Structures are given as C-alpha cells and as structure tokens.
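In what comes next, chain A is part of two complexes: it sits with chain B in the first one and with chain C in the second one.
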Partner chain A sequence: MRTRLGKWSLLLPAAALLALPGISSAQLTQQDLAQKLTAESHVANMTGHAKSAAADYRRYCVGCHGELGDGNGENAVWLDPKPRNFQLGVFKCRSTPTGTLPTDSDLFDSIGRGFDRSNMPIWNTLTKQQRVDLVAWIKHFSPRWANEKSGDPITIPPEPEVTPERIKAGREVFARVQCWKCHGVAGQANGPSASTLTDDLGRPILPYNFTEGSRPKCGDTDKDIYRIFMTGLDGTPMPSFADNIKPEEAWDLVFYLRTFMAQPSKEKAMAKQLGLKPVDPNAPAGQQ
Partner chain B sequence: MHALLGLRLRSNFRFATSFAALALVVASVVLTCSQPAHALPAFARKYGLRCSACHESWPMLNYFGQKFKDNGYQLMNDRDAPIWQNPGYWPVTFRIIPLWHRVSTGKVLVDTYTAGSTTPTGSAVQRVTSSGFDLSGLDFHTGGILEKNFSFYVLPSSDATASFHFETVMARLDNLFGSSWLNVKLGKFELDNLLSEKRILTLTGNGGVYQLYHFVPQGDGNIFGQMGDNQLGLEVMGHSYDDRTRYSAALLSSSDGTVGLPYGNGYTGFFAASQAFDAGKLGVQRVGFYAMVGEAPTTWLTQTGPSGSMVIPGSGIGNKGFSREGFVGQFYFGQHVDLQVVTQHGEDSAWFGQGYGDLIDGVVAGNNTTGTTLPAGSRSPTWNGVLLEPHYVYSPQLIFIGRYETIRMSQQSTPGTPSSFGNISTYTIGYRYNPFMTSRAGFAWHNEYNWLHQDGTGPTLGLNSANVNTSELLLGFDFDF
Partner chain C sequence: MKTGFSRAAVLSVVVLVFCGALLLNQKVNAAGEGKISGTVKLDGTAPHMKGIDMSKDPYCSKAHATDPAHLENVVVGQGGGLENVVLYISEGLSGSALTEVPTQVAVFDQKNCVYTPHVLAMDVNQKFKVTTSDQTTHNIHPNPNPMTGNIPWNQSQPPGASPVEKSWKATEVIPVQCNIHPWMHGWFVVIKGPYATTDASGNYTINNVPPGSYTVTAWQEEYNTQTQKVTVAAGGTGSANFTFKAK
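Let's turn to the complex of A and B:
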C-alpha cells in the first residue's frame, strides 16, 4: 500500500507540472485579470476605470460573457449567436481598419446600442459613466490592449445627395464586389455561399438579411452602413472592402443597400421609379 | 404579575439578543462568502439574463427592468417575438415563502373571568403575541409576448389556504404607430407607481405593504383610493427610447380591483409622470409626481334591514370625491446606496369621513339615503405622509433594506377629534440574501423586522393612551421557479 502511494506521489506532481503551462496559456485566470484592473478607457471627456465596473459587469453581463470574459457564462450554451469572447480582443463593430483594435468610443456605442438578432440588449439605461467604466472592464480581459493601440478611425467623406444615378452605380458596385454571393441578389441572405459561412471560431453564421426589418448590428445610419463594409466585421466572414471600393462608390453602395431594406426611404422610392431589378450573377462584368 | 412580566421581558430580551447574534453571524457569513440573484425566471429563462439585470433585488426593478416592463416585456432587440423561443418554453413562474414569524400586537381587548366562572365577566387590555411556522400565499406569474408588440400578464394568486383570485390579468398593445410614447393596457394591473408595492422587498403583515398607499382615516368608509392595490381599467403610457422620460394615465373602475362590478358606476383617474437624469458617478436620479382622483358611491338602493333585504351589487350611487397626490424620487448615491422617496397629500369627501362608503363589504354601516345630512361641522378629512426607503446593495446577491413611513392627519372629519387620531408611524429593517444567482430560478434568505405605531386606535378602558404598537419578526425562504 505504502509503495503504491509512493509511486502516485511522484507521478501526480509530475503530471501537474506538465499540465500547468498548457492550462495557463490556454486561458486567463482570475489572478491574471486582477493584475489588469488598472485598465482605463476614454470617451469624450470621461475616463473609465475597470475597477469601477466590476459590480455592473457582475450584475448585467456575467451571465453571458462569463466571469473571465471568455463568452462562457452560464447562458452561453443556450445562445446563438454566442456571446463575445473578450479575451480574444476581436470585435465586429469598429470605426477602425480591419485587424485593428476598436476605439473606446466604438465599444461604448456598442454597449448602448445593443445587437439585433442576438441576445445583447440595449444598455442605454446605464449612465454614460457606467458604460465608459464597462469599456475599461472589457479591455482588461484581453492582452491585446496591453501590447497594441486602437486603430485610427477611417475617414468617411460627407454623404452626397441621393440620386437615381448613384443608386444605379451602387448596384454596379454590389455586383462587382459580389455582395450577392452571401447576401443574395435581393439582399435576402440567400446567396450561394450563405449556407456555408462560419465565423473565425468555426461556428455557423448567417449573412445579414436586409429585407426582414431588423437593424444592422453595428448601427443603422447611412454612416454606420458605410463603416460596416469599409472596416469589415472582424471575426466573421464579412471582409473589409476598403481596398476594393472607393469612398464615393461606397456611398453609392449604401444607397443601393437601402433599396433592399424594409423601412421606407428615398432610395426605395427611387429604385421603384427606376424599375431596378436585382443584379444578374451571370452577367459579364460591367454589364449589369 | 410583575414577576411574570419581568420574566417575560427577560425572556424576550434573551430571545432578541440571540436573534441579533444569529443575524449578525448570518450577515457576516453572507458578507464574506458572497459569490457570483432572482427575477421572474420565466423572463430570465427566455432571454438568458440573470435576475440582477432587471432587478435591483427581486422583485424590485432597476432602470433596465423598468424599461423592459415599459416596452411590454420586450428587450426590443429582435429576440422578443415567440418565434425565437424554444417550443418547449412555457412562461410560468411560481413563488411561495415558507417562513417563521412572531407577531406581537399591543392593547388587544380580551375577556376576563372571575374565579370559577366559565363565562366572561369583564374586559381587559393586553398584548397578544403569537409565533410559529407559516406559509405565504402562492403566486403563479405568467407573462410575455403573444406577438411582437402584443404582450400579456396573468397572475393567479392565492392566500395561504390556496383560495385563489386574479391579482393581475392584462393585455397590452405596445409601441403603437411605431412609437414608444403610445402603449395601451387593458385589464387588472398594478398602477404606475415608481415604487411599486407589487415589487416590495419586504414581507411582514404591516411592512409588506406601503402604509401610504392604503391609508384610510379612522372611521372613513372610502376603500377605493388604495393605490397599492391592483386596479381594473385602461392605461395609456409612454416613454422615451432610453426610458428617462415616462408618463401614464389610467381610467379605473372605483372598485379597488374587485371583479364583478360590485359597487357602482364610479371612475377614478391615475396619472403619473417622471424624468430621470444622468448624474455621472452617482448614477441615474429620477423625480416625478402622481395623482389619483376619483369618485365612489356612498348611497345604496337597498341595505340589510328588518325585511332581510341585502345590498344589491352594483347599485351604488351618490358618488363622492377623493384624491391622493404626491411626489416620487429615486436617488442613487453610487453603486451601493439608494433612497426611494414618496410623499402624499390625501383628501376624502366629508361623506366618506363620516362613515359612508363601502356598505357592500360591511366596511361602514351608514347609507346616504334621501334626506341624509352630515353632522354639523363635518369636514373633508385630509392628511400628509412620507415614505423613505433606503437600500444598501452590497452586491446583487445581498441587499439591506430600511423603510420609515409616517402619516399625519391634518384635518379630522369630525371637529373635536384629537388631531393625531389615526396617525401612523412605522419602520421596517431587513435583508435579503440570494445564495446563488442564475437565469433559471430565484432563492432568497429573508430576514425582516417591522414596528408600527398608530395613535388612538386601541380600546381605552381607562388607559391614558390608546395608542397601539405592533411588531413582527419574520424569517423565511422566498423562492420562485
């Protein structure tokens, strides 16, 4: 008996020693996070402190995003899409170029706006200070903020007047950069690739259906829509088109996308007058 | 007698000391082991949110929960419609509280006996104390969305013997014409009190209600102005996108929420409005007002009389007026401390003050029939009151509750009545601890003490003062699933 125990007493610590580095590199622990509670955020003239958000995070957020911010809260198993894993430091809604960290204002706006087609509510009942503090709290989960700075927001030129010509030009852009492959020719999220899409973590994901009346995840103003396809939604198959679409073309595309949307708009009325038809995927380039 | 009283006092003192020690130990344990509380789990299950997201401490709403309610139990994030729910989801929650409590009432009239007599020979006044294990009533909450912007709430509620009534039954049309400023509710519902009695954090007999919401002067027959009770009617309410600005206007039957049209054709209006402000690190502060103005019957076509006739339900006429109005404030001082304030000025018609009103339930004996006149000098009884309820929220799992209410008569209906007759002062202290917090169920260890003092309402029997003091201690498991 004593001999057996002796063997185990040698084996167990050895196994634990071998396993430890794997565990610590796989996931942040409470101790790791406690050291990062000095994280700050800055929105307008407000400064957020991670420490100040601890109670609010626990009250409002932890059930989905988890104690460690890894998106594994107790409800995560029931949710689709899954809650954001803050430890990865990858965010869909940014004003910054693809691959870069969002600004503090981007995170602040996301909290107050909430996300349609997900379980993330609109947290605009919190004070601005509470939201700024929560931004700092979110930042303390990811080592990315310790090593990188937020990207610089992209420049968005002033919005031009909507004209029928611009809507038609937007239709050309829609065909050229092949938005229809995922979003479908009428924006109904039924393009040929739609059913095959997965996010960066390999989970199935649906493209946005412009026609069902829900708000785009990252905002529903014209500027927001412009920003979405020029920065891309990091962590999803939606890429940035900043290298493929010129700024003035981007506005044309915004106007064309508006024609799909359920809400009444000038663009929709103009498209009706023009008798605009969906793009033809088989048409030769430039002959839509 | 004195020795016995002394023994009893010492015994009570020892009990109180033991209780205080136990409460301190429990509080210390709770404070040191508080880990990652408690909502209508039917909603929490649907949305995957913890109770604490909507409740400061269940069932009291925080600002996010108030907005959720104002939106017709919708988060407005496209996941509200039933199409998103698991087909197996059934939005039902039950709540009941097994408890132990000790109730002590002063100056109760009791019989006295002479030696050898089996029939009472006189009366005396003494304190009556009873204690033991007990149950609360049972509530079945069911509410949610029938379709986007069509919501409902049904709450069958029983007393502790399982005798059921409908506490709430209402359907609501939300965001009419796409505007959050227009929502319509029809049925039996809680009034738009920012500090809602239906969401009260305390459970004792006197502390489990807001005295200010039910106050009726002594001898007054108006039961119809109780703004703490759910009422039957139609409410229009609206709010800004972030719920900082709110208004509501309700037309109610003057029936105190009793179904079956038992009283008459009187109507009451309830109006409320409030505005919240973002005060930076202090939190969101809200101030508002409410007014309840109505009429209710004092005349009944029949009454129990020599012929054996009974009051005909619904036959009340001779409506007389009443009003309750005041200010409401919700003040937050950082993440842990808040203070809820409600004031009230109330007035009843002199007819109510002189004992006319709810004859049908036997609350009064007077019937304002043709030719009835009020005693000379009768006046409308009026009063003023204030309710202060501070909370210390240690964490979403642990809340300490305090409350002080005082109601002072400013004018008695009958001249010469002592000015303080019927005045009420009461305080309540307690805490609720939720040992776990999930989006599936709620459980709270509840401890509470209430003390209530009312002037002049005890039997006199030669006593210098007939003021009555009542106290209650309650410990219980408040759970819902």
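Let's turn to the complex of A and C:
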C-alpha cells in the first residue's frame, strides 16, 4: 500500500508534464467514453441524462452511428450521405454561428425532424424525454463539449410582411452574394460550381434543389431558411453569410427563395405577377 | 505509511517546482537572440504542374487570360530552390520563445481566384485575416481535424466583403479550400515558436531564435517533412539546408 501510493504521487507531476504538448488526435475508446456518461442536456424545462439514453441509442441509433458515435455503424457503408460522426462535434443544423457547437435544442430538433434526402428518419415516435436524453448521449461522444460551450444563437428579427418590393430586393441579394454559383439562377441546383462540390470528408455532395419539392434539411419554416444561410451548414460547402447579408436583407432573401419552391405560396404568386426573371450572372453589379 | 506518503508528496512538489523553474528560466534568454537560415532545394526534375481550367467562372478565366494559372503543389525557382516550404523549430524550444505569439496579423488573400500565399504559416493563437481582392464570391473553408482543438468553419466572401479575422488553437497543418472554385486549395500551417517560409529562390531565415540546440523541421505539402539538428550561438546564425528528392 505504502509503496503503491508513493510511486503514484511521484508519477503525477511527470504525467502532468507529458500531457501538456497537446491533445492527441487518436480516436476515442469505449473507456474514454465511459467517463463522460455524466453528460447532461437541457431543452426547455427538460433535463436529459446520457446514462438514461444508453438502451435507446443501442436500439435505434447504433446501426448507423456506431458504438463509438463515429458514424461507422454496420449500415454506414450502404448510406449516402454518411451518418454523422458525433466525435467531431460538427453539425449542419445549428442556430449558432459557423464553427461553434449547436445548442441542445438544435440537436433535439434535428432528432425529431429527421433529415430529408438522407437515411435519418423522423424520431418523433420517441417521447420528448427520450430525445432529450439522446441529446446528452450524443454530446458525450465529443470532447468538444468538455472544452467549449455551445455558440450563442444568432438574433433573428421579427419576420416582416411579404411585399413585391421585398421579393425584388431579395432577388438583388441572391445576385449580389452569388447564391446561383451553386444553386443555379432558378434554384435548380445546377450552378456552375454545383457538379464539383464535396463535403468535409471529400465526398461528392449536391446543393439544395429548391424546385423539386423536398424539404430543406434543417427545416422548412421561414425562420429555418433564414438560419441556414446565416449560420451555414458546417461540414458542407454551404458557408455562413452572416457577415455579408444584413438581417433585414436576409428576410428579403428568404421571400425570394420561396418563389423557387414547388409548394404554392404568397411569394410565388407575387413573383408570377411581377413577371420576375432569373438573375443574369453576367450583369454588372447592381444592374439586375 | 504516513511518512512514506508525505515524503513522496514533498518529492513530487520539488519536481514540479524544478520544472517550473526550468520553464521560467528561458525568459532570461530574450537578449542575444540568433537566427537560423538556409536554402531548401529540390533534387531532380520538378513534377509538371497542371494548368487550371477556370472557364467555370468567367471572372477568374479573364483574370488569367494572359498569365495562365497552374497548380502550386511544387513551385521550383532558380537553381532548384523550393518555394512555400515552412521551416520551424520542432524540438529544443521552451519558455517564452515557444509561447510568444507574434502581434503581426498574417494575411491570406484571394486574388484572381488563387490563394496568395499558397501556404500561410502562423503561430498558435496568432491572428490572421482572409481578404478578398476579387469581384466574384468565394467561400473560405478550412478543414482542420476538430479532435485537435481547431474547429472547422466556412464563411462566404462576396465581392467587396470585409476581411474574416480568426486564429487557431492548436498546432496542425490545415487544408483550406473554396468550394465554389474547386481548384482553390491552400494550407494554414499552425506551429509554436518562430518560423519562416521559403521565398521564390528557396531561401529562408527564422528570426528571434534564442541561443541553443534545436531540431529544425522543413514541411512541404508533397514531400512531407525533413529534420536537421542546428546549434545557434548568442546573436549568431545557425545554418540548415534541406534537399527534397523529386518523386
């Protein structure tokens, strides 16, 4: 007993020094994860506990996202897009700026919403409590949550009334920041750069096609669409435009994007009445 | 048992204090700083650097109408000098020489749809800014490994956009790309301590090196790394020349 204690206390400072040079990029092991089971999540007035989600994760999620949350479940080879690697802590759908961790509510919403045009189903068959627990479980996979806080959600001003002027202003924004480079002038995902896009893992990825009627991955309300281009979809080619589109212009752009969508809308009707044409990529700046 | 434990505890405190003193001691060395300089060359025939087809974006192809753009993975200058090689001290630094962060802001410009410079070296926590000189939209998308502590981000820069100012938390070689213009590919080389990047003739000088014995590492994106031992006398210049073999 005496010798054991003595040896350990001598080793401690040495171990502390060795640990200084930096975090190794090695993959997490089951042992590392076991220590993080105290992870919690908070959504509205609910609290989630990672421990409580173990059985649900094993039953519903492990097949794709894998035992270690690295996105390498046994089904992963068959899937495209690939299941999320939770260890990296990089997520598409956030209310927070690019390069920051999402909020617990963002993850909770993603689980309940599912991802259109992917193999991630809508998990609203699970109770809210189960989903909040799963959020805590997802967080226990990435060391990022131990070292960083979630980003601060971006501020979204109240949505103004749609007017033909706003739709026209949105068209100007679309032309100015050149959304068409990937999404195409009519939102058909056929811009000049569309065919060469890759995600952060180097896998081919398509821009969103507004016209085919599928739901945007991170939600289909006006607010969701606002958030998508003001936060960017991390891990994909979609950048954040927060520094280059003012909040009031952002609403104009949301209204203009609606005019592309297959679903009938006020915006679509107004655009028809205005006889709006797709933007001209070759027009000089400000002369659409 | 009690005495044994406390003896060990005292010993460990002594070890800690000693290590701390070692670290602090380095600050005294600020005076009499020297340099490390040399040349990096390529041995053999330089690989062919393909031309870049920018026809996807008329703005970009127009900018290169008379001066076609080429890939920049291996850029060889006169006498076989290799450009864009990053040199840094990988062993032997300690104290403030290791942790001091330059106040100078490193600049990474997007000009005529290529990155200038192609390789940007910087210290951990050193500020750098990404600027755009182009009349076309770029997205600046570095892709570090989040497990190192560096977090990936992706920001747009339409024409006239203000610079994006950032820094990195950990040492890493980070690829950066523009998804809109897939040929735009460069590197952020994040290191600790003094560094230098070779010029068009392959020459470099690492300034602000305290006297001592070091291992210098040269990094090149295609040929990986090489190391050499160098000794720097107070106020003197250590010399290290590197030669990478063409594949």
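Throughout what follows, the second predicted complex is superposed on the first by the 263 of 288 C-alpha atoms of A that agree within 3 Å, B and C clash if a C-alpha of one lies under 4 Å from a C-alpha of the other, contacts with A are read in each partner's own complex, and residues count from 1 in each chain.
We adopt the following convention: contacts are C-beta pairs under 8 Å (C-beta built on N, C-alpha and C of every residue); 3 or more make two chains touch, one makes a residue touch a chain.
Since this is a predicted model, take the numbers as computed values, not measurements.
S.K.: After superposition on the shared chain, which partner residues are touched by A:Glu74: those of chain B (first), chain C (second), both, or neither?
M.R.: A:Glu74: touches chain B, not chain C.
S.K.: Answer with first, second, both or neither: which of chain B and chain C does A:Met120 touch in the superposed model?
M.R.: first
S.K.: Check whether A:Pro143 is in contact with chain B, with chain C, with both or with neither, and answer first, second, both or neither.
M.R.: second
S.K.: Between chain B and chain C, which makes contact with more of the residues in chain A?
M.R.: Counting contacted residues of chain A, the larger count belongs to C.
S.K.: Which partner does A:Ala262 contact after superposing on A: first (chain B), second (chain C), both, neither?
M.R.: neither
S.K.: Touch test for A:Ala283: chain B only (first), chain C only (second), both, or neither?
M.R.: neither
S.K.: Per the contact definition in the header, classify A:Cys182: touching chain B only (first), chain C only (second), both, or neither.
M.R.: The answer is second: A:Cys182 touches chain C but not chain B.
S.K.: Who does A:Arg59 touch here: chain B (first), chain C (second), both, or neither?
M.R.: first
S.K.: I'd like to know which partner A:Gly89 touches here: chain B for first, chain C for second, both or neither.
M.R.: A:Gly89: touches chain C, not chain B.
S.K.: If you stack the two complexes on chain A, which partner ends up touching A:Ala44: first (chain B), second (chain C), both, or neither?
M.R.: Touch partners of A:Ala44: none, neither chain B nor chain C.
S.K.: Take the contacts of chain A with chain B and those with chain C, and give the residues found in both.
M.R.: Common to the two interfaces on chain A: nothing.
S.K.: In the complex of these two chains, what residues of chain A are touching chain B?
M.R.: 52, 55-56, 58-60, 62-64, 67, 74-75, 78-79, 114-130, 214-215
S.K.: Can you check the complex and tell me which residues of chain A touch chain C?
M.R.: Answer in residue numbers: 1-3, 5-7, 9-10, 12-14, 16-17, 22-23, 25-26, 87-90, 98-100, 142-144, 147-148, 176-178, 181-182, 192-193, 196-198, 200, 232, 234-244, 282, 285.
S.K.: Give the list of chain B residues in touch with chain A in this complex.
M.R.: Answer in residue numbers: 36, 47-50, 52-53, 62-64, 66-67, 75-79, 241-243, 278-281, 283-284, 335, 395-396, 438-439.
S.K.: What does chain C use to touch chain A in their complex?
M.R.: The touching residues are 1, 4-5, 7-9, 11-12, 15-16, 19, 56-58, 135-137, 139-141, 143, 145-149, 151-159, 161-162, 164, 170-171, 179-182.
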